[in-house]
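Okay, handing you the structure first.
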Amino acid sequence: MVNYIVTLQCTDMPGIVRATSVAIVAIGGNILENDQFTDPVTGEFCMRTRFETEADDIGAVRSRLERDLATFSPKLGVRLEDERRRALVMVSTFDHCLAELLYRHEQGELPLDIAAIVSNHPDCAALAERYGIPFHEIPVTANTKVDAEIELRSLLDSFNVDFIVLARYMQVLSPELCSDFSGRIVNIHHSFLPGFKGARPYHQAYERGVKLIGATAHFVTSDLDEGPIIDQDVVRVSHARLPKDLISLGRDVERSVLARAVKLVAEDRVALVGNRTVIFSQ
Amino acid sequence: MVNYIVTLQCTDMPGIVRATSVAIVAIGGNILENDQFTDPVTGEFCMRTRFETEADDIGAVRSRLERDLATFSPKLGVRLEDERRRALVMVSTFDHCLAELLYRHEQGELPLDIAAIVSNHPDCAALAERYGIPFHEIPVTANTKVDAEIELRSLLDSFNVDFIVLARYMQVLSPELCSDFSGRIVNIHHSFLPGFKGARPYHQAYERGVKLIGATAHFVTSDLDEGPIIDQDVVRVSHARLPKDLISLGRDVERSVLARAVKLVAEDRVALVGNRTVIFSQ
Amino acid sequence: MVNYIVTLQCTDMPGIVRATSVAIVAIGGNILENDQFTDPVTGEFCMRTRFETEADDIGAVRSRLERDLATFSPKLGVRLEDERRRALVMVSTFDHCLAELLYRHEQGELPLDIAAIVSNHPDCAALAERYGIPFHEIPVTANTKVDAEIELRSLLDSFNVDFIVLARYMQVLSPELCSDFSGRIVNIHHSFLPGFKGARPYHQAYERGVKLIGATAHFVTSDLDEGPIIDQDVVRVSHARLPKDLISLGRDVERSVLARAVKLVAEDRVALVGNRTVIFSQ
Amino acid sequence: MVNYIVTLQCTDMPGIVRATSVAIVAIGGNILENDQFTDPVTGEFCMRTRFETEADDIGAVRSRLERDLATFSPKLGVRLEDERRRALVMVSTFDHCLAELLYRHEQGELPLDIAAIVSNHPDCAALAERYGIPFHEIPVTANTKVDAEIELRSLLDSFNVDFIVLARYMQVLSPELCSDFSGRIVNIHHSFLPGFKGARPYHQAYERGVKLIGATAHFVTSDLDEGPIIDQDVVRVSHARLPKDLISLGRDVERSVLARAVKLVAEDRVALVGNRTVIFSQ
């Protein structure tokens, strides 16, 4: 038996679930997990189905689904659950998010392959080596920005990467890259968006005297800090906490929120409807 | 157009979703919301589907679903969304849970009819009257326990009640009533089960020095405090909080947890698999 | 025995705690509760002490404290715990925050006197009457704004009000009133500040696709939504929640956050250091 | 300038704060942080004060405090803030709590010295080595239990250990050791006490169908799982989570709760009143 994960997105109309379930039965499939959502504002229908079957020819499975669903012209994703998504993780000098991802990956909690780690600084090389993941330093200066991204693109190709994780990567990616990898770059913002955008959010939070600080994992678009939100969380802070304490408390939120978001993306549980995400997680 | 809520439960096997969606399309239905879960331990399949259609004959809709799903011998529920569930609320002297339910009901947040309020004390009569809900006092003593329950049964019949809410009702119902209304009596226990069972849980919590207190909404079975859990929540407490403070903080948790649980039951979002609940809520 | 609440604020220097505790012992006092905080950024020292004594002459107690603490030129507050703060609550048409305050007040959870309720609409008159609190309608239009505030000032005087609670009052108070009642007007903002300022924050939250929504209780300054934050909280929301659902979920957060903030202010547990609050609550 | 942390515990009576603050001023001290609590049930007074002074002779400081406070016969603790507590961490095979402590320690978030790591298994040796902490394997069998504890005692002596952290150590310590290190052994229990005691709590939680799972850090007494609670936390779980998922989610709660508890103990922020803890943390 093999397991498939099928994702489907199209304009809602009667018959989509019937067509899908007819196709799955025809393939000899048994549904293990199914989530669907119709967005009442846009009328967009999204579905994620996981099923088991003896039909191990993914090409045939995909063809059958494409044929039976052709009427609805869906955006269709078909993959074997065991063929895990491949991620490239980017980091600068703060290593807490990277360390968390590597630790959880080693524990078997993140069902994905970490193809490589890329950084504009050498600091995290030892951490990468400890976990046996290829580490590539691509320094970035005002002058080398274009070349650096060419080098990055080359790595994305050679490592056959499905999505990018910015684990506190402090450089801005070009609009072209953001566009080419639309819905496939996950960033952790060290603030409860739309709270404090831009630089030094924990210092802003301190100045404002907030009683909760947070972090936000979101897809990257060319519009900085405005991409679709995947997950967020907060932690309570008191008046006695200084900016350095907020940074320290924030680290904990950042690493757990990013780890949750990466898991959701790796399992194809995140659909995009406009600038909003639909999260399929029971 | 009318909306239907269909719930379905049976042993999992291939074809259930197909059969259901075929039937819904045949009825001219369009699925608005669909949730399903297959319990990997017991192999039980549960589903809740909400769809719209022009077919306003509920008898015909039910027949079609029964026929198409007959192979699976499901426990099947079919109702019009607008025909709201009818609840009878029982209370003793503490009125905070009752007040919360009445307030939310008035705000339009609880899609159910509160058919009547029953109490073993007269204290909440004024509150019931304020909201225009029939109030029945049924005193209970050691000697009148049997008669009291006969009177209660008579009210349940005459008010055509779907389910009972124990909103801090301090009397124990008979095993027969618990059994006859299995999965249809919701209780709020003033503790984070299985933390502190029995009497005076907040005093027990104080003695034990816990840092979080909670409340649990659960279905009632004849096995006290052991019924299937619907929802739970907690609130942080410090060493400075005395038992009376815990009671006060606990009230807030009790009323919000009970209100959430009642809403879930009123919308048929709670399925039972053994002693565990499956909650269909996106 | 009587209980006093003493609050004290001045520039930090050695000897303040000694001077205070010497004075309290001289008065025959025994400290029941003591909280203090030195702000490391501004060097401001804040303290709140609750003590019991047989000295029931508040004038004498105040004099002794003033004399012993004169060196430090503190802002000093001395009150009998039983002489409760007097609040005036302002509301427009949404009654959930007012209902919550009145209910908790009746339950004995808010140690303050609700002197009167003022509204620019008649809608909440019945609710006020039910709890036996004087209700004053002061309509506000562009033309009557000045007169309306004169009428409000007159009520604040005649009811001898210590602080004002804006329980979803939808009118903006004049800069003069904000200034005269600086640190004495509590507002509930229906958003997790600094998230969504201005109008229709829940609709903004929906558009942005946030995964948590919140509410913020803060002191009012003439700079709208920028006053010192007293308390905040959030609740998790899914993609399936529409703006009307966010409004409904937000109501719960608003009423609990406002109730907590009002209790803190009523018990003199909130000190102001610049635009930040110090919360004395164990 | 040096910083002192003074902790004090005695029966409450008027004059303690005065005596302490008089002594601190006499030493040339300026209070940086002060927390106190009088337990209303037992009448026990607890205080923690952090102050700076030029008096760097700790013997003289301690003498002065002892003399001025002699009337109250307090349990008195005096230490230089820079002389950090020394902890010995014990672990079996699950390494997540140990990994978290070592990571936070390296990040500068845990102000203590990790003197050594002791395990009844060799599994964590590599992790200890990576962080440069001495690792001692002390195997424990039914026959070697007494000898193993003798070896442990010898390590506690030679490493001059202030307190022990059981970071998922799966052996039971002898009543004698629990008693000798009363209030100085911190354990993480993988359940929300008093929820599920004993073995396999996550499997118990699954069977019971709870909607929240948690973890509890507590001091160890000879009465298993009944020692004073230092901190607790919970995380929400759905019906779809299997025991293995609960274990995985529980790991996150365990490591954050234990890390918080160890920090509190390392900073002398935990006082014991009977079987309850008083936590001094603003």
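Here the chain labels run A, B, C and D in written order, and each chain numbers its own residues starting at 1.
In this section, a contact is a pair of C-beta atoms (placed from the backbone, for glycine too) under 8 Å apart; a residue touches a chain by one contact, two chains touch by 3 or more.
It should be emphasised that the depicted structure is a prediction, and the values quoted were computed from it without experimental measurement.
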Looking at C-alpha means, what's the farthest chain from chain B?
-> D
More Cb-Cb contact pairs, comparing A-B against B-D, go to B-D
What is the distance in Å between the mean C-alpha positions of chain A and chain B?
-> 37
Indicate the whole-number Å distance between the mean C-alpha point of chain B and the mean C-alpha point of chain D.
-> 42
Multi-partner residues in chain C (2 or more other chains touched) are 37, 238-240, 282
Report the residues of chain B in contact with chain C in the complex, numbered from low to high.
-> 96, 99, 103, 107, 109, 130, 238-240, 248, 251-252, 256, 282
Please give the residue numbers of chain C that touch chain A in the complex, ascending.
-> 37, 40-41, 192-196, 207-212, 214, 228-234, 238-240, 242, 273, 275-279
What does chain C use to touch chain D in their complex?
-> 12-15, 17-18, 21-22, 24-25, 28-38, 282
